[in-house]
Amino acid sequence: MKESAVKKIAVLTSGGDSPGMNAALRAVVRTANYYNIECYGVREGYNGLINNDFLKMGARSVKNIINQGGTILKSARSAEFRTKEGRQKAYDNCIKLGIDGLVCIGGDGTFTGAKIFNEEFGIRVIGIPGTIDNDIFGTDNTIGYDTALNTAMDAIDKIRDTATSHNRVFFVEVMGRDAGFIALNSGLATGALDILIPEKKDSIDELFAKFRDAEKTGKASSIVVVAEGEKLANVYELAEKTKLTFPDYDIRVAILGHMQRGGSPSCADRVLASRLGYGAVTGLMEGQTNVMAGMRSNDLTYTPIEEAIKKHNEINEDLLLISKILAI
Amino acid sequence: MKESAVKKIAVLTSGGDSPGMNAALRAVVRTANYYNIECYGVREGYNGLINNDFLKMGARSVKNIINQGGTILKSARSAEFRTKEGRQKAYDNCIKLGIDGLVCIGGDGTFTGAKIFNEEFGIRVIGIPGTIDNDIFGTDNTIGYDTALNTAMDAIDKIRDTATSHNRVFFVEVMGRDAGFIALNSGLATGALDILIPEKKDSIDELFAKFRDAEKTGKASSIVVVAEGEKLANVYELAEKTKLTFPDYDIRVAILGHMQRGGSPSCADRVLASRLGYGAVTGLMEGQTNVMAGMRSNDLTYTPIEEAIKKHNEINEDLLLISKILAI
Amino acid sequence: MKESAVKKIAVLTSGGDSPGMNAALRAVVRTANYYNIECYGVREGYNGLINNDFLKMGARSVKNIINQGGTILKSARSAEFRTKEGRQKAYDNCIKLGIDGLVCIGGDGTFTGAKIFNEEFGIRVIGIPGTIDNDIFGTDNTIGYDTALNTAMDAIDKIRDTATSHNRVFFVEVMGRDAGFIALNSGLATGALDILIPEKKDSIDELFAKFRDAEKTGKASSIVVVAEGEKLANVYELAEKTKLTFPDYDIRVAILGHMQRGGSPSCADRVLASRLGYGAVTGLMEGQTNVMAGMRSNDLTYTPIEEAIKKHNEINEDLLLISKILAI
Amino acid sequence: MKESAVKKIAVLTSGGDSPGMNAALRAVVRTANYYNIECYGVREGYNGLINNDFLKMGARSVKNIINQGGTILKSARSAEFRTKEGRQKAYDNCIKLGIDGLVCIGGDGTFTGAKIFNEEFGIRVIGIPGTIDNDIFGTDNTIGYDTALNTAMDAIDKIRDTATSHNRVFFVEVMGRDAGFIALNSGLATGALDILIPEKKDSIDELFAKFRDAEKTGKASSIVVVAEGEKLANVYELAEKTKLTFPDYDIRVAILGHMQRGGSPSCADRVLASRLGYGAVTGLMEGQTNVMAGMRSNDLTYTPIEEAIKKHNEINEDLLLISKILAI
């Protein structure tokens, strides 16, 4: 093997946390250790770079975390890193410590920071997509997405029990400020009557038409899954409007909220995180920079960070049709 | 065995549904079947009595439901059953069918209906405590309570992951309009910093004192579990007030909501439901009436319905102290 | 849309059951219903074709099954269908009923039967890959594989708790007679010290070398995940041999067994099953035959059944290296 | 409050581990801390006393463990502690450190050791029942039992899926060498056709009679739950004998094994562990010794260790009858 392009790397988690970040961190640390690259953990995202909050990490530093939700490095959004002064401080600290490569685990915002940092100071950076929203281009799935889907689905399955027992209509809000992946997939998986997501133009009349169709087929209870970022209306407004038109309906609202970010990662997420953690370190070693490690159809790929941020995984139109057909 | 006091019984589920109602129903139907008592299911609670919505049930009618949340008989609150006319209709339907015993699975409201019905018309009734709230006297646990505790706990464990990763304060509302059992036990089980329940007088100053103590011990994230029926303030108000006093805190709110009512029942709930379903039918056969079947320290007991409604399981004061000591 | 190539289809599940078969069945039935194709369920796999055990299915026949493990049509291996006479009977029954398309949900054996049936009698067949083993070419994942991974992982996580508490070595057998996918992925996800699978040549010396390395790094407990079809030795033999060489080790064996086939399907499996059920019916309508519906990198694909049987998804060599690096 | 009878205590976990041991440990440490009692953790059970392996513990030493299976102190069976010399060493180490009270978390064997140690050397001891077997007198439930029930039940639910899909008979072995609590309750909760436990005299003819009855009622698949300690035969022998008499049956065996000891504790187990950990420390403070802290019908009780070991919770005869009636 030719010489590694990096000798001493740092790793951080930033932005909203997602299940599997710890598994990714473990993979980064142990891969570095295996290839004799020194490795430092950075606490609380980019703030840790600025505040010189580095932590030397060896193979045992990451034991027993592969199955833990959250991130032991903690995460934060950093206002200071958005300023040139902040980034200068961060760079100075890296230089002082001899850091020549940086692994950034997070989403859009995290990657934007990494890209600017690389372009300003030339330090090698590589991204690992860790977010439950799955809205990152360059990887089939982001780390945490699969776990969040199962969490949302389990919760909706439970709501279904009580909805059916009482002939109720439930509006369930799931996470996804800009992306409907969680809503679409968890809705399909739970037989939701309708699924409202920001990527498509929804109308209240179509929703009401579905309620009327459901009545005709004898469906006595219904669940409508709504992405956080839905533009038509939020779950409370939807419930109100529905009540006005269907005064006999017994309507409830549920907001699944932050529990979707936690929990022990699924097998798929642990495997994905392990592969991407490994891929990030070996990528840096091979000279990659300003790219994101991703997995497409079971193959490790590197996508320029710029592309990962700008492009988006498209919602599959088929899924919308299928969910409509199957929720009959 | 002497002759059974009943020959043909009906069973209904009423009020808010709870996990294990199906397991109780299964036990009622199969116990009746075993002792050659005819058994009818009544749909949608007391409404089914009024609307003559009976369903003959045999051993196979209840197969594959022991592990299902909700209630296949469906549940409802019945305004009409609160009127004398409604109850008269219900009684007439029972007489027409030859029903001489009624098993009512539900909570306070269900039992009140059963009691009045028995006192007015003399028909034998027996209650089975099915509610997640555990606020029924005469049984250590109500059916569904244990499952709801685990559901709430699992959700709070997940919230804990993200709270810790971001150094956040979470106010989590759990079910319990009149009773703090779910809040107290799920809060204790998740190491909540504070637990606010309707049974004790809470003050915002005490809560704030706990935040200050937590800061001193270096606790960076906290969860406060709040019962739905808490009198001091709801979770949104608590979050706002806290923000005013602790402007640096990153505060979030989570309302666990109706998912707490659903899900496959826990082993304890399935066993409890099976024993009470059996106990209700054998109780009716032995001539019991106007009582509730319950389980106290592993023994089947019958408590007058009046007592079950009027008295309440007291919150254990020790638990409050213990939760305070352990959440250090 | 041009005219459908099929008017009346039948659907069956065959071979070992897997979580998500019901979700696939639901998708087949409802998609057929949506496009006005008559649909029949066949009971107990190919036996049902031979025994004329057809069941007319409409949209409501498949309600409340998307979240259920197993298969409501039941599954079986059919010796009679392996004979020409058996297949003739099956074909005669199809013709009598007017079946012009057959959806076969299962694995290798199921597809072989479908292929021969198609080639002998010309009846259109399409396969849906339903098996936990993931050993089918033409789809990234088979239906049930993701759920089985999570089930195996959860069990191994639990075993890890007790292994760590007692400094024990556990040999854990997971399913996979010919394929190591479950072993490799669940082993990677649980930090197994070693993973033994039929696709690679294992030696007892390498295993023992890993035990010695683990001792050096201070690892006091270890888990070795072994695929059912491992050629070196089975878990009991491995435990014995290890005991001879490491007499101080406290060694235990666990065989996860059939629980890996059951359980409510994961979100990924429900979505996959829904898409493939839809794809199978629309495929038949468009004139596809003797192919299998699969999903590759989020796209619906049709692979000739012959290819699906003959080729195999290869174990990713990277994964073996990664699991070795990360289990340090 | 009068002066505490102890000033410096030690706590250990011994014997087979059970979910909730960590929660009990947390409660012991934090209660001691709250009342200004110094507290030491002892590693690997009684071995730690002998090997002088003490660990000073404060409130933060036990953070984030309430939800973890296993025991961070590790557990072991100690041959040396069964000798007078071993116990003398243990006592000398306690004296050197100034330990005047010992909390022993475990089962029968653990308590026997504690009792002898107390009787020989006078050091105050108190037991906390931590075992999944529930075979300890003086408490309604032991710590870990409820979690183990849910683990066994979930596994059997999954096995049920595949049993039903293939019309199979499964013999499922659950833990319980001397006690049938897990078998009886998990079997009742999963509708097992028969439940074989060491506490009752089983006969193969009765079992076969149940198979014949099941056939008559049209039951196509069956699960028989067998306790590890069943005297009639083990699961493999039962399967063989059944095959001889019912050659058409498709029979499988499953041994749930050590996964029953692990996993995150249920809410009931965390609450029980918290209360008993608190009760053990306050008991020692109040002068209790040679007793076990237990919970009966929601009340904290202290039972002489001798009684806890000698007496046994009886299997409830009703449960056997109920399981028979309900598995129709």
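We call the chains A, B, C and D, going by the order they appear; numbering starts again at 1 in every chain.
What we mean here is this: contacts are C-beta pairs under 8 Å (C-beta built on N, C-alpha and C of every residue); 3 or more make two chains touch, one makes a residue touch a chain.
Just so you know, these numbers come straight off a predicted model, no measurement behind them.
Fewest steps needed to get from subunit B to subunit C, stepping only to touching chains, is 2. Computed from the mean C-alpha positions, the centre of subunit A lies at a distance of 39 Å from the centre of subunit D.
A separation of 36 Å divides the Cα centre of subunit C from that of subunit D.
One finds 28 Å separating the Cα centroids of subunit B and subunit D. Residue positions 157 of subunit C each touch two or more of the other chains. Contact between chains, per the stated criterion, is found for A-B, A-C, B-D, C-D. Contact residues of subunit C toward subunit D in the complex are 13, 16-17, 19, 21, 68-71, 74-76, 151, 155, 157-167, 170, 252-263.
Taken in their complex, subunit C has these residues touching subunit A: 26-27, 30-31, 33-34, 59-60, 66-67, 140, 146, 149-150, 152-153, 157, 185-186, 188-191, 217-218, 264, 266-268, 270-271, 274-275, 278, 296-298, 300, 316, 318-319, 322-323, 325-326, 328.
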